[in-house]
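Chain nomenclature is as follows: A, B, C, D and E, assigned in order of appearance, with residue numbering initiated at 1 for each chain independently.
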Amino acid sequence: MFSATGITKAYGAVQALDGVRLDLRAGEVVALVGDNGAGKSTLVKVLAGVITPDAGTITVEGRPVRIATPQDAQALGVSTVYQDLALCENLDVVANLYLGTERRRWSVLGHIAMERAAHDLLTSLDVRIRDIRVPVAMLSGGQRQSVAIARALIGEPRLVILDEPTAALGVEQTAQVLGLIDRLRDRGLAVLVISHNLADVRAMSDRVVVLRLGRNAGEFRTAETSQEAIVAAITGATADER
Amino acid sequence: MFSATGITKAYGAVQALDGVRLDLRAGEVVALVGDNGAGKSTLVKVLAGVITPDAGTITVEGRPVRIATPQDAQALGVSTVYQDLALCENLDVVANLYLGTERRRWSVLGHIAMERAAHDLLTSLDVRIRDIRVPVAMLSGGQRQSVAIARALIGEPRLVILDEPTAALGVEQTAQVLGLIDRLRDRGLAVLVISHNLADVRAMSDRVVVLRLGRNAGEFRTAETSQEAIVAAITGATADER
Amino acid sequence: MNAETLTRGPYTPKEAVARLRRGDLGAWPVAGGLVVIAAVFGTLNEHFLSPENLTNLALQLAATGTISLGIIMVLLLGEIDLSAGSVSGLCAVVMTILYVKQSWNPVAAIAVALVAAGVIGLLHGLMHTRLHMPSFIVTLAGLIGWQGLLLYLLGQGGTINLPFDGFVSKLSDTWLPVWPAWGLVTALIAGWAAAAVIGRRLRRAADLPVPPVYLTVLRIGGTAVLLAGVVTVLSADRGVPLLLVLFGALVVALDLVLRHTVFGRWMYAVGGNAEAARRAGINTTRIRVLAFVLASVLAGFGGILAASRLSAVNQASGGSDILLMAVAAAVIGGTSLFGGRGRPYAALLGILVIQSITNGMLLLNVDSSVRFMVTAAVLALAVAIDSVARRASTR
Amino acid sequence: MNAETLTRGPYTPKEAVARLRRGDLGAWPVAGGLVVIAAVFGTLNEHFLSPENLTNLALQLAATGTISLGIIMVLLLGEIDLSAGSVSGLCAVVMTILYVKQSWNPVAAIAVALVAAGVIGLLHGLMHTRLHMPSFIVTLAGLIGWQGLLLYLLGQGGTINLPFDGFVSKLSDTWLPVWPAWGLVTALIAGWAAAAVIGRRLRRAADLPVPPVYLTVLRIGGTAVLLAGVVTVLSADRGVPLLLVLFGALVVALDLVLRHTVFGRWMYAVGGNAEAARRAGINTTRIRVLAFVLASVLAGFGGILAASRLSAVNQASGGSDILLMAVAAAVIGGTSLFGGRGRPYAALLGILVIQSITNGMLLLNVDSSVRFMVTAAVLALAVAIDSVARRASTR
Amino acid sequence: GGTASGDPQQEATIALLLPESKTTRYEAFDRPLFEAKVKALCPACKVLYSNADQEPAKQQQQVEAALTQGADVLVLDAVDAAAVAPLVNQAKQRKVPVIAYDRLISGIGYDYYVSFNNVRVGEMQGQALLDALTAKGATDKGQIVMIHGSPTDPSSADYKKGAHNVLDGKVKIGKEYDTPDWSPDKAQQQMEQAITALGRDSVVGVLSANDGMAGGAIAAMKRAGYTELPPITGQDAELAAVQRILTGEQYMTVYLDIRAEAEKSAELAVALTKGQGPPAPAKVNNGTADIPAFLLDPIAVTKDKVKDTIVKDGFYTVQDICTAEVKDACERAGLR
């Protein structure tokens, strides 16, 4: 469905991405793995319209598209949880959840509708925040991450991208997120997940794409691959492209 | 060695810590676990002098101490990696590593000595950063976390506190940090690690302390405890104090 | 259990105290500063608290207060508008030339002048967002350049008087009689109370927690008492000045816009974390440009109010320390210079502090050098009370 | 492999281009703005580029430039010092009273005045750190209050002239003869080259990468050519003014302090992330207080230089737009108003831009209104070049 | 540069340095009148013009710029009459003659001084106010309010001194303010507070140092509900003020015959470029030297004098003054 080819991005002397290709299909969970600094988050930002690549094309259902701004990505149904969360710390949980997609009538905010829905959404994710009207600055690390994940589920996305979604989450919340990813796949969405936790990767993904120093370094069907093979691709011990 | 009792801290209506006690001994790795928002990071900040608790006492080797500022904590040999990393994004890696403990002569910075040592330290942790003279703002999430961990090893700490140190780290780097924790214990330091990864917790810690809603909710010798028992304490299914 | 932890419990008195201790002091410390100022000047000069003087105060704060409202719009984004003073003067001059020299209808003259201010704001906004120039420099150039244009437009003549009995001058010489004033206050309070009751119903219907009745009653009742006091005092002199009503209406309207519309929400978002706002799909450029337009239009309106008060414009219009006082009012009222924090009420409170000090100092008979020093000391004292109280509560 | 990825490779020309594209443009775009300004005014008026006028320019920029250096110290922390103008005036007045009225030794008078400025800065710093007052308000009170004290000290008399041939006036009327000037430049360049050679040796000994020789040579050589040009031009008129040497020495000294001492490192740290700095055990209070003290002392010294230039102090000393120009110079030179970014050279570059515009405009024979408008336009243009270039390079 | 011989067609450069741009007189009158006269006397001469925006340091830069551009004569209206001595010294070292325009430069000798006397302006304001009060028999019926100019403007100290010379001991001074930046808004606020502090009925007169501030004070009094405004002074003969005088809102303004001042200075400047030095009718001691001086008297203009001063000199035409609102008042004053 979503297909990116030849994505290249340099930050000065650092070649963060170098001709990367990535295919995402509806109803499939792809795990993007790789060493620290391999370029995973940079690739996510390209897909989400946050940065413009130096080169490369993106097609959606075969047609080339331009993703120059986050709005473009949103219009294509891309919904993203960033590694750095990208929350407005001065706003409360409800405001952050609905940021950019506020419920409104004549541009007047539907406070009550949003609060009600936020409440239900967070409950369904097993998130525990004692008062959802406090600024996000007052939340613990895991609580913030939960808010960021919940954000991505608002609206009707076609592709959900999660950059290390469970890094700060507790045991139960992590389980919830893994369950959630399963449900998203079942609803026919495309899902791209970045994670360093190979156990989780194996548990949830259909396919694993490996980046190394900004280049594609392997792609595996999860079910048919051993953890060792993935580790080898990550660390560069082997580089077998499937 | 370090012993905190009755630690209490409220943020407005939220009772983040409520009479918590924690003992840390030289040559022992203690894992602090608990749900998101359980108060783990708050407790860490109390020990590190970042916030002042509403109540509670801390003793070091039996003598009560006052930890009112981060300087106080440093003077007692407490070295901390914070969950939010607390790096200066405008400074480069070397400057961040040595922040507050700069090598100097007559207050003139020893640039070369610091760069050399930083280089060696990062290499020993298997950290891959292409240019350590770029501002930390330009690093990936995992690279930043590596820098924050390396920071804590500079100087001669007696107690090292790590708040979710491996959350953003790659496979190899995580292994390095686990190895590092072992080495710290072997050198006779006290180590306090916060983690949501129970597999890691079981692999590295000698003792597990569980917090729940700001209160002590169990304490276990790792070797003698099943993962299920820990999970039960975290989620409140049981609350057996040992 | 989740439902329970997610729910905001009703506010108990204990929790109210806790909120206070958390530093959620709102306007209270500044209000404390105001009380101190009132006490000091009230003791030093018997006239300070007289209805006549409080009426003067009300008139004196409207123009700069309006400019300060505009400043808050850009401060919320973490930007600055140094041109507000010059723009206020220029806008007043444009209005006056059209009205007096070209004999336009005054309302049309005001409208055109405000549109001109809007265009200026647009220009600032575009230079800031499109050319990526720091707002400090853009509006510094504005400060100098619009002042130049003002001088150019005034040209040979210098001062232009506005007819004392004309529409514009009357803006600042119109007084609500007693009954309309009470009617207005009653309508305001009734409207608020109705909104509160409906809001509570809706929240309950949505199964959301509602604040305890006593708190709502206390808040609305307190405001009612305050407004009633203001009306009573001002009616003892010439009545409630239209100027104060206009300024008050602007404060209330902007507060509603910022809290209850998408635009307001996005302003805070851009000010809090511009990158996060951008990633959320908010057109941050448009928000920024709008903020600069609003700032200039409000500055322009403030300038017109000032011209109305003086019944004249001249080369000094919008000059002197008007800009600094407008920014200071915003900051004293709790607006952050770093963006994302502040409310229109800040302008009201801040300008009250500043103008009370100026007003009180002028009642006393001191040399200008001493006046400057005492003004500085009282200003510092008033804000120190605020800062220390806030700090003590967050420890 | 690690060693390899950790190592900064030597700079190749390609990488230099890459750095440029990354937005690491340093001072180049501002320098471009300067060239445009020089071209514009050089065309409009034949005298603009004459040695005499460039000498005037050198004299004109020293005082405000020095104040701007102080402003940079607080901007680095993300704070502001609105009192710099007033403090500069007050300090000059204190110095003059001691020196002229009390017949003190001029050096002692200057020293005492600077100590007074330091005490003022200490007061600002303590109010900011201990009472947690926003620096905007603290220094706004300073702006008003110190001006009051200045007026009070000047009292009835008003202007006090400094003797033409006295020590203080001579500060701005002393010119390095040709040989000492060349000697100074040679010493500077030689010192820098020696430091570069030793630095390279030490880095190599520590097995650290060294920048390629051509780059170091280019940089030192370029500076040498630039300085030689300045000396040649200025020697064609009255010689290199002592005032310029003093200002230049301050810029270089502060730059060295900020880059190579613990204090400087901590300044940037506090400005970048105050909480992180605090957690790193840095006494952020002390750093802040020191920054305010430095800002006031530099403002005071700037005020003394201004008095020396004018050979007088009066009620207007330190007033008018000195403060705004000093802040603008810092911002134009690339100092962030949000802290953590900026270098003392910013003050030099920024004040060059501002004073070139002012100086050039004064050569033209136009009405003030036009002058203001053109000044604004040129200022905006110069900074737009910078902003657009920087932006284009980071896309 | 350099002064030259008596060739009438020679090109010479004359620098005119004026102090500020916030009052109309300088750019609306002084500059054009001066330039026109120079053109008439010496078509080939060039006038370099600068305005210092009330900043001594800027004026210093402007003098330097003028000298750089080869000015042969400086006509200098000092922002700070004491502080420009070093500049005059610089000019003298270059053998460039200096005319002190409007304000007496102190601390050094130079060629000419053409002016009205600032202290005298203050005295005239004081005297006019005193006369008006005496005429109404109000000198001991209440107090006056004094609204002085900017505390940072050296010339405002002169006006203040002059006014006090006349008024001290003769009337009771209820309130006295220095007005930052000569700001009319601030003058208005000061007046409001003075009225509040003293009581409306006890204010019998207002000494305002200039017309702009008088406007502010008048607005304050009108709003305070005075049925009959007490006498109020001014300075500058701003058009708006002349109109107010006609309608009776303002008592007087001090009118300076700028045409005479500008043209006299232009004549002297042109003469100096030719190496001539016409004799002066008076000498003024500035504390250091006796300066040859042409002293023009400021003129106090009240309602009955508008016609014979301002209008007669062509400073404003009747059409300028008599707009719709003041038509009737004009008729009554005999202006048509």
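Criterion: a residue touches a chain if its C-beta (ideal position, glycine included) is under 8 Å from a C-beta of that chain, and two chains touch if they have at least 3 such contacts.
Labels paired with UniProt names: A, B = D-xylose transport system ATP-binding protein; C, D = Xylose transport system permease protein XylH.
Remember, it's a predicted structure, so these values are computed and weren't measured experimentally.
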Graph separation of chain D and chain E (steps between touching chains): 1
Most widely separated chain from chain D, with each centre as the mean of CA atoms: A
Which two chains share the largest set of C-beta contact pairs: C-D
Identity of the chain that, by mean CA position, is farthest from chain C: B
Cα-centroid distance, chain C relative to chain D, in whole angstrom: 36
Inter-chain centre distance, chain B versus chain C - centres from mean C-alpha coordinates, in Å: 46
Inter-centroid spacing, chain E versus chain B (mean Cα positions, whole Å): 74
Distance between the centres, which are taken as Cα means, of chain E and chain C, whole angstrom: 38
In chain A, residues with contacts to at least two other chains: 11, 13, 127-131
Chain E, residues touching no fewer than two other chains: 21, 151
In chain D, residues with contacts to at least two other chains: 147, 151, 367-369, 371
Residues of chain C touching chain D in the complex: 78, 80, 82, 127, 131-134, 136-138, 140-152, 155, 324, 327-328, 331-332, 337-338, 367-377, 379-380, 383-384, 387-388, 390-391
Interface residues, chain E side, partner chain C - complex: 21-24, 28, 151, 175-178, 180-186, 188-190, 192-194, 196-197, 211-212, 215-216, 219, 222-223, 238-241, 243-244, 325
Chain C contact footprint on chain A (complex, rising order): 48, 50, 69-71, 74, 80, 82, 86-91, 95, 99-102, 104, 107-109, 111-113, 115-116, 119, 122-123, 126-133
Chain E residues touching chain D - in the complex, by the definition given at the top: 21, 27, 31, 47-51, 53-58, 60-62, 64-65, 68-69, 79-83, 85-86, 89, 107, 151-154, 157
Residue ranges of chain A in contact with chain B within the complex: 11, 13-14, 34-38, 41, 83-84, 127-131, 138-143, 146, 164, 167-174, 196-199, 231, 234-235
